[in-house]
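Take a look at these structures.
Shared between the two complexes below is chain A, which pairs with chain B and chain C, respectively.
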Partner chain A sequence: MLELIAPFFRQLYERTGLNFIVFYEPYEFGRFLNGAATSVRLIFWSLLLSLGIGVLGAWTQGARSQALRVGVNAYIQAFRNTPPMIQLLFFYFGLGAFTPSVDMGGYSQPLISSFTWAIISLGIFGGAFNIEIFRAGLEAVPEATQEAAESLGFSRWQTFLYVTLPLAFRISLPALTNNLVSLAKTTSLAYVITVPEMTYVLNQVWSDNINVPEMMLLLFMFYVLVVTLLAAGLHALEHRLALPGYGQ
Partner chain B sequence: MASGGALKRILAGGMVLIGTAVLATAQAQAPDRLKQILDRGVVRVGVQGAFKPWSFPAPDGSMQGIEVDLGKSVAEALGVKFEPVIITSANRMQFLQQSKIDLIIGGMYDTADRRKIVGIIEPAYWTSGPTLLAKKGVIKDWKDIANKPVCGKQGNYYNKQVETELHANLIAFAGNTEAKEALRAGKCIAWVYDDVSIMADLATPDWEGYEMPVPVLYHNPWGAAVPIEEVNKGWGAFMAGMAYRWHAEGKLIELEKKWGVQPSDWFVQHQKQMKWDTGYLNPK
Partner chain C sequence: MVSPFRIDKSPIEARLSSLLSWRHGVCLVLGCLASMAVAWGQSRVNPAVPSALATLVIWLPFILKGFALNLVISFLAMALATLLGIGLGLIQISLHAVVRAPARFITHLFRNSPWLVILFVVMLIIPVEIRVPTGGKIPIPDWIKATLAFTLPVMGNISEIVRGAVLSIPTGQWESAEGLAFTRSQTLRWIILPQCVRRIIPPWMNWYALLTLSTPIASIFSIHEAVANAQGAMEAAGARPEFLFPFYLFLLCLFFAYIYPIAVWTRNLERKYPVGS
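Then we have the complex of A and B:
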């Protein structure tokens, strides 16, 4: 891979001074690949966690127990009303101080790494929005449909899982796409707690090689590409799941 | 028309002559800086205002520290009065260019860019460089950080060297405060940063139980500076002689001890290098 593109980018540098060092120097190329892989993994897991939280939270909002409902609403208020970067710092430095760690002699290996903290923090942040998005979807499902399910002998959980949720999910998808795309971009903030994702890695590369404009451009293009793919995937899902005659 | 052209040529020639004469007198009028200082009876030395222990205010308001002592030794050798002028990193070279000061001894790294603007005196009088801050007894050698997490700051140019040559897992934070907090929380075995800054931290009670266990990774020498046009004249040559003697006579090592700076091999090496061997005077 590198052997193929290296000559082109090396020549580009020699001729024009545009230094895309990550595409011709093996060490920087390795850093770039690691950064890209970390970013993609971070996006995948935090989106997944936020979806899980969204579904569970939306269900809990309709729970009979008032304590549960109050709890979910408090969670939404807390995490929708604070900036994601503050949340990352709070989880990593604030809560990180109280989590167990293994003494390695001189330093301690925390059981929860900065990468895991980033997933937890971003998942919880995105989840708070997802709950509200799913709630909108759930409330849009006609009462009559739920009554029909009830009359067929479905339990409350079964009605939610087999009838309400599948319909609500379809209704929520456009808003959900928006929030997931936003969350994918927010993962770049994980650099503040030293998760070696794309922003962190390229920052180090441009500091070492004084090629800020080129690396900024690359960083920009990276997010354009990743977010385009994510949005395209979600749109395809929306089309695939579309019910004939339902909301179309 | 022809006569007009001739007139212009004569005029132009005359202007060049006058211009040259003015330049020549201007040069003659700016006397040698060394002579100016001796005539004035005062040497004005640019020093940092709050840079412990190199240059900082004493309780009585006067300046004290390593760089102030060096400035005083210059004044003493010239037999003139010492006048410290507080400079900042941003204005010190302009002060020198505008003749507001005669000399900078103000914690300035010797770099190629600066050599184009001011006359950096060789040899350099001090040095600093990246080193480690760690809990006492944890690290004995640079090798001890291999495959272990080391905190740093994003954007430092030695980060790559720490990763590629010392094989440490560098965890680079956006700011120094977070990096130091991570060191305290035990998220890393050490913090890699400039030794001058680490020494300043160690001087505070916050960092009791921590130490600077290894020598600097490489040296970034600090140069005194005179105006660039003076570097090869009397004033520059005099200062080079002073800087040489600071090393050879052990003045810098003495100041290191006096002001409680952690001793560095750099001074010992340079003293050896520069000390003139007078063994031939007493042949055995």
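Then we have the complex of A and C:
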């Protein structure tokens, strides 16, 4: 891979002075790949966690317990109305101080790494938005479909699994797409707790090599690519799952 | 006749507004005070040094001074973003494709980039000082650069809100204005835009809240706002690990106390002016 593109970018640097060092220097190329992989993994896991929290939280809203519902509402309000960056700092530094460390033979390493804290913090932040989205979707499913399912002999659980949930998921998909894309962009904030994701790595690269504009262009391209792919994937899913007879 | 299988989307809006009540705010403040008490209880080991909470009280004015800068940045950035965003939004609905395309490109570029990336670009590309032709130099303070950086993503989003609002006005309004011999600019100015204001205000307030919640990012560039000042205070007071929990929790509460009323107000406005009306 590197052998293929290296001559082109080396020549580009020699002729025009545009220093895309990550594409011809093996060490910097390795850094770049690691950063990209960390970013993609961070995005994947925090989106997954936020979706899990969203489904669970929406499910608790149907629960009989008043305390559970008030608790989930308080959680939603607390995380929607505070800065995500301070949430990250609070989780990593504030709560990280209470988690145990493991002796790694000479030095101690915290049990939960900054990468894991970033997933937890961002997942909880995004989950607060997802709960509302899923809940609104569940409520938008017409009563009549549930009655119809009941009259066909479906049990409560079967009605939820085969009728309500598939419909609710389709209804909430457009709002969900917006929120997941926004969460994917927010993962760049993991920079503040030194997670070596794309922003952090390219920042190191441009500090070492003084090629700020080129690396910034690359950073922009990376996020535009990630956001475009994510949005395109979710739109394709939305299109594939579209209910016949609704919308345009 | 209303079909029994019609998907009713109105619960989505109703649900969001019913979620917010002052009770939740009170619950959260109580929870916060309880955790502060826990932090206080844990740190009373050595009576010779002030506890974490006492340190927080000592440094409170310093942190609040930083928070004032957060607010100043948010006000200025919002004012600028509103002006530029409305302009950009109106260009986006221009009849000429040549004018429309770049406006759409700028809107989507800033809407789809992470704030941190935009901040890095603006902070490092704008020079530290401007040389005026007469020979003098005007320094640009970092917080002004950060304000400009925060303006850009909000501008993109406001531009999209304006475009959406104009498109949501029924075609009949345009047609009847045309029937009364209004020109396009007269129609926009006297008929369409006044109707848009109502629809723009709730999302506009929502973006103000999001902007304010993003201003702590400026602390990465050592701008002395609330987070940077809190970190500085912890450093100056001896950088003991037990500071971290109460200090960051206090910052969360500070922002919550400012943003939550705005969120409640926005939801009430949304309920008052539903998009469908």
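We take it that the second predicted complex is superposed on the first by the 229 of 248 C-alpha atoms of A that agree within 3 Å, B and C clash if a C-alpha of one lies under 4 Å from a C-alpha of the other, contacts with A are read in each partner's own complex, and residues count from 1 in each chain.
By our rule, a contact is a pair of C-beta atoms (placed from the backbone, for glycine too) under 8 Å apart; a residue touches a chain by one contact, two chains touch by 3 or more.
Everything quoted here is computed from the prediction, not taken from an experiment.
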item: Chain B versus chain C as contact partner of A:Y107, first or second or both or neither; value: first
item: Partner chain(s) touched by A:L189 [first = chain B, second = chain C, both, neither]; value: second
item: Of chain C and chain B, partner touching more chain A residues; value: C
item: Touched partner set for A:T82, first chain B, second chain C, both or neither; value: second
item: Contacts of A:F90 with chain B and chain C, given as first, second, both or neither; value: second
item: Partner chain in contact with A:I5 - chain B first, chain C second, else both or neither; value: neither
item: Contacts of A:Y27 with chain B and chain C, given as first, second, both or neither; value: first
item: Chain B versus chain C as contact partner of A:F220, first or second or both or neither; value: second
item: Touching partner for A:N203 - first (chain B), second (chain C), both, neither; value: both
item: Overlapping contact positions on chain A, where the chain C interface meets the chain B interface; value: 89, 93, 97, 191-192, 203
item: Residues of chain A touching chain C in the complex; value: 70, 73-74, 76-78, 80-87, 89-90, 93-95, 97-98, 132, 135-137, 139-142, 144-145, 167, 171, 175, 181, 185-189, 191-192, 199, 203, 212-213, 216, 219-220, 223-224, 227-228, 246
item: Residues of chain A touching chain B in the complex; value: 27, 89, 93, 96-97, 101, 104-108, 110, 114, 191-192, 194, 200, 203-204, 207-208
item: Complex contacts: residues of chain B adjacent to chain A; value: 134-135, 138-139, 148-149, 154-157, 159-160, 164, 171-174, 178, 181-182, 185-189
item: Sites on chain C touched by chain A in the complex; value: 4-9, 11-12, 15-16, 19-20, 24-25, 27-28, 31, 109, 112-117, 120-121, 124-125, 209, 213-217, 219-220, 227, 241-242, 244-245, 248-249, 251-252, 255-256, 259-260, 263
